[in-house]
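Next, two complexes with chain A in common: one pairs it with chain B, the other with chain C.
After this line comes the complex of A and B, so read on.
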């Protein structure tokens, strides 16, 4: 017999897990949609954000939440520095820019992971918080872990804020114009390099910020990034390639599928089910769950 | 309204790029860390295949510390004595990258290119299971200072030995002790990671509960990267007295964090491996306190002492001086594996490099050896389900208490009172 409370808790878990994925997926979808980059380093920005939380939080009063704005600013700057190199290998007369970008970011990911492993060692580290401890019990539904609720809300807010920027501001219009046709945007006076750097900086900042939250929820470890890279790939396929709002739906679907499969089908089958969903979707609905993604 | 941003890119491009990434990844997977293939006769050369990167890099690093400390100490003491002549020890590392097939490839190269005399084994059971057949094929002695899965010993590999008792023994005996604490538990929830070591651990925990007549509410295996809130939700809904979990450190930390977030509070958590490591304690901070674990060795235990390091305390002091942290039982067992080789080589009396015949003779000597070490007496079973596993070292339940310091609990003479039911 299905327990109502367990079902409620599983749905809560799934939705909040989906919120965590949204915090990672939004930036990944951004660089894919705007810069035409499949950034294999997305998970490593998560890892670096989590590590920043673990290292800096004790210095700022033992509260990981204080690291959130610092991580955004720090990794926005990191992104601004990295992007010109990425631009260099994906433009000019180089063949297959998408692949060049992917190989570059793959190397970047290995460099990031190796650097953290070398500097900080292999240990798992806690990102402390005194504010978001435990969960809020809601009778008849389940327990809402405070840190996961905040993470999910931040993830959705980040996406909404970025959508606003993209569709309601001059800067966002410029970025969309670059995405539409780089040469024409340049002819229209858009500073291509500047806006691409901003976009990549926002992506790195958002993803590292998500990493701080993920560190608060789980912990920080040098090897944690790869699974988030995999989930980011899943999410943009489910969302529909190039369709940013779909990230919320795909994140929530992934989270729910994972949670309900683990509880009602069997934990060992979770990834079988998730991969199965992706394969089936690619076969029958390649434009994504909402049917709004790009298909050639 | 469609809000698509780009029209040029398409799914085909995306999949092509992803495929290339996979190819690059696979190409980057295999890799020897060791040096060249020149082989002089002035040193014993040991190959080490362990996980220096990947998910299990923490454990791999622990084994490396154990092997390195043995090498350093034996060389500082003049090397291995062969009929009055001393031969230093050289270690050549290969990174298994936490992947069995990579470990097997590395082991093959280690033997064919590096021409090692013997091999010190991987951290994980998965990789050990892949490496052991390579050792059989090449008739090369192989001692693991870490692997605990019973599946290794069930395979009856002639050339593979292990200094850590199989997890079937460690987890089961420790679990039985924890289940005997007062007030006696009436129910237990068993979870674990779906891998050879972790599954064997969880299975042994379940067996212990069943042997004690304690109700097993669930036996719940999951992938290592799962979100453990799902397991915690299921467990919480069944309200067990105790929660047992078989896995590695990462899953322990994630499980206990999820338990804290969902206000899940059984009388105690028992996680077999890694509770007494810095990674577990740093990963959980104050949340680690009260967790039960199991060990076969701790620095303050009375053990026979013996060759090279002296007592357990002496070994711990040497380890702290070298690495500035307390050694755990895996590190100790890894060093003990080296000590076993040292004694066996001295008995063999053959200078390096060893011939195939001498390697076979070395295997026979190891099989019959009884080695007194800081880790305890090491002897290997000569037959049965634990063939070539050292089952003579006694497992003990431990608990993290004040300042997250691990103490022995249970019925042993040296045991401290358990904090049970665990109070924060």
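After this line comes the complex of A and C, so read on.
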């Protein structure tokens, strides 16, 4: 029998998860819009963020939440360093720049996954937390683990800060200008190198932050990246490639879909349905379900 | 003076390699060498040589769609795995010999590739790459769910005398598989050479890669040509998947449908040189040996991954035309310096 309590719980759980997925997807969509790069390494930034949580948390008093700002700063810097390479391989007179960009991020992903696997071994690790061990009672719906609620709230705050930066500051305007037309933005005096690096840095930072959250909720393992790469692809395909606000909806849809399929249909089908949907959506609606993405 | 000499020798080799009869002689010499090679090898090294042949053939098959046609198939491994499972199903459920399994796998996957190619090849660039990638992952998940592939238990392929379907002296052993792979790989190379370097078809394919709209305006039916290349390259991957399945005797979705299979094909073709015949051969040999040697001598099976990652990034950055490009003199010290200078400029972010 389907109880309303279970349904309500699954929905709230799904929305909480979706909030975290949005932090992963939104940077990814930004990078596609600004750099015109599909980053195969997106899931690996999630994995690295989660691993950073597992390894750094014991040093900072055994609290995974403290790692969140550290992860953002650390991977912002990593992203700033990675971006010029990406910019370089996708521009200039090389043959098939798109292929080069894709393959480069592909190499980056293998490098990240392989390095973590080689250095830390194949085992999964927990991201410790002291404060978030209890549950929160919501009358009429049920009890939710604190960790899920708090991570979702922090995730939404990060998202709001990101949106504020993108739509209300000079830097954000510059980034959006590049997304619209790189050459004209350059003519208007926008430092392309700087703002592309910042955009990629913000993306890497946000994604790794999402990784710490995911590590807190589940755990950190070197093989976890691929799943989140799939999630990120799913979100941008659903939202329409390059359409940022759509990510908020598609992220929540993804969280809901995951939570509801796991409860009502069974876990083993989740990925088949997910990948199948990415494939079919690309064929029938490459501009995204919301119809506002770019079509090549 | 030394440098000038080098240059002239290189030029002379280049001139020699550009001649068609030289290609033929090279191919004949290679065939002869590879035919007698196993006589000098023990079982262990025969297996390594067999693996090299398998991967050279797979990389060559990816190179057809990815290198020559310029369509980034990130799901090519799906056909390698499908070939393996079709062979297994034919041999266990229908109790037919391996030869039948091989042929049916090839035909089945060609039909599958046609059905998949029609809608998917309408996409281009990143969209095609993501779609094929998602398709391959969906196939893998499907194989883990449905019963006929053995689900999460995998599938055991019948072995022993009589299962091959061709008269053999005794058991199908390493020698049998070596020569099977040799025939498949040499056949693939010869076919690729003839099709893409030596016929009008190849020029059409390359025209589509370099400028699809312009090619179409010249009366080339791009849709049809792309589909043919896709079907051919996928069917070849399926044949290798089938032969490999009979060789390893146990197939599991997490092995034969693993994304790393596609990854390796792409990397090999890229490292050697995309859209060339020599590229996948050189890349296949180098990467496969790197893989084996790191696990053999370092006792490490994962160190290979970061090495591969760095290798890919380095190739993309400094030698996008691969080893073949370096041999042809397309990538010299000057180019690397210019590359580094341009890269440094991109770091100018203040």
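A few notes on this one:
Definition applied: the second predicted complex is superposed on the first by the 270 of 296 C-alpha atoms of A that agree within 3 Å, B and C clash if a C-alpha of one lies under 4 Å from a C-alpha of the other, contacts with A are read in each partner's own complex, and residues count from 1 in each chain.
The definition used in the following text is that a residue touches a chain if its C-beta (ideal position, glycine included) is under 8 Å from a C-beta of that chain, and two chains touch if they have at least 3 such contacts.
Everything numeric here is computed off the predicted structure, so don't read it as measured data.
Of the two partner chains, chain C is the only one that A:94 touches; chain B does not reach it. Judged by the touch definition given at the top, the superposed model places A:243 against chain B, while chain C stays out of reach. By the document's definition of touching, of the two partners only chain C reaches A:278; chain B does not. When both complexes are overlaid on chain A, the residue A:112 reaches chain C alone and has no touch with chain B. By the document's definition of touching, of the two partners only chain C reaches A:193; chain B does not.
Contacts of A:73 after superposition on the shared chain: neither chain B nor chain C is touched. Contacts of A:179 after superposition: chain B is touched, whereas chain C is not reached. In the superposition on chain A, A:135 makes contact with chain B only, not with chain C. Residue by residue along chain A, chain B and chain C are tallied for touches, and B comes out ahead. In the superposition on chain A, A:84 makes contact with chain C only, not with chain B.
In the three-chain superposition model, chain A touches both chain B and chain C at residues 38, 98-99, 102-103, 106, 110, 117, 122, 233, 237, 241, 268, 271, 282, 286, 296. Touching chain B in their complex are the following residues of chain A: 3, 5-6, 9-10, 13, 17, 32-34, 36, 38, 40, 98-99, 102-103, 106, 110, 117, 121-126, 128, 133-135, 137, 142-143, 145-148, 167, 176, 179-180, 217-219, 221-223, 227, 233, 237, 241-245, 258-259, 262-263, 267-268, 270-271, 282, 286, 292-296.
On chain B, the positions that touch chain A within their shared complex are 2-14, 16-18, 20-21, 24-25, 28, 53-55, 57-58, 60-61, 194, 220-223, 225-227, 229-231, 233-234, 236-237, 249-250, 253-254, 257-258, 260-263, 278-280, 282-285, 287. The touching residues of chain C, counted against chain A in their complex, run 70, 72, 119-120, 122-127, 129-131, 133-135, 137-138, 141-142, 144-145, 259, 263, 266-267, 270, 274, 300, 302-313, 316-317, 320-321, 339, 342-343, 345-350. Interface residues of chain A, counted against chain C in their complex, comprise 38, 80, 83-85, 87-89, 92, 94-96, 98-100, 102-104, 106-115, 117-118, 122, 191, 193-194, 197, 226, 230, 233, 237, 241, 268-269, 271-272, 275-276, 278-279, 282-283, 286, 296.
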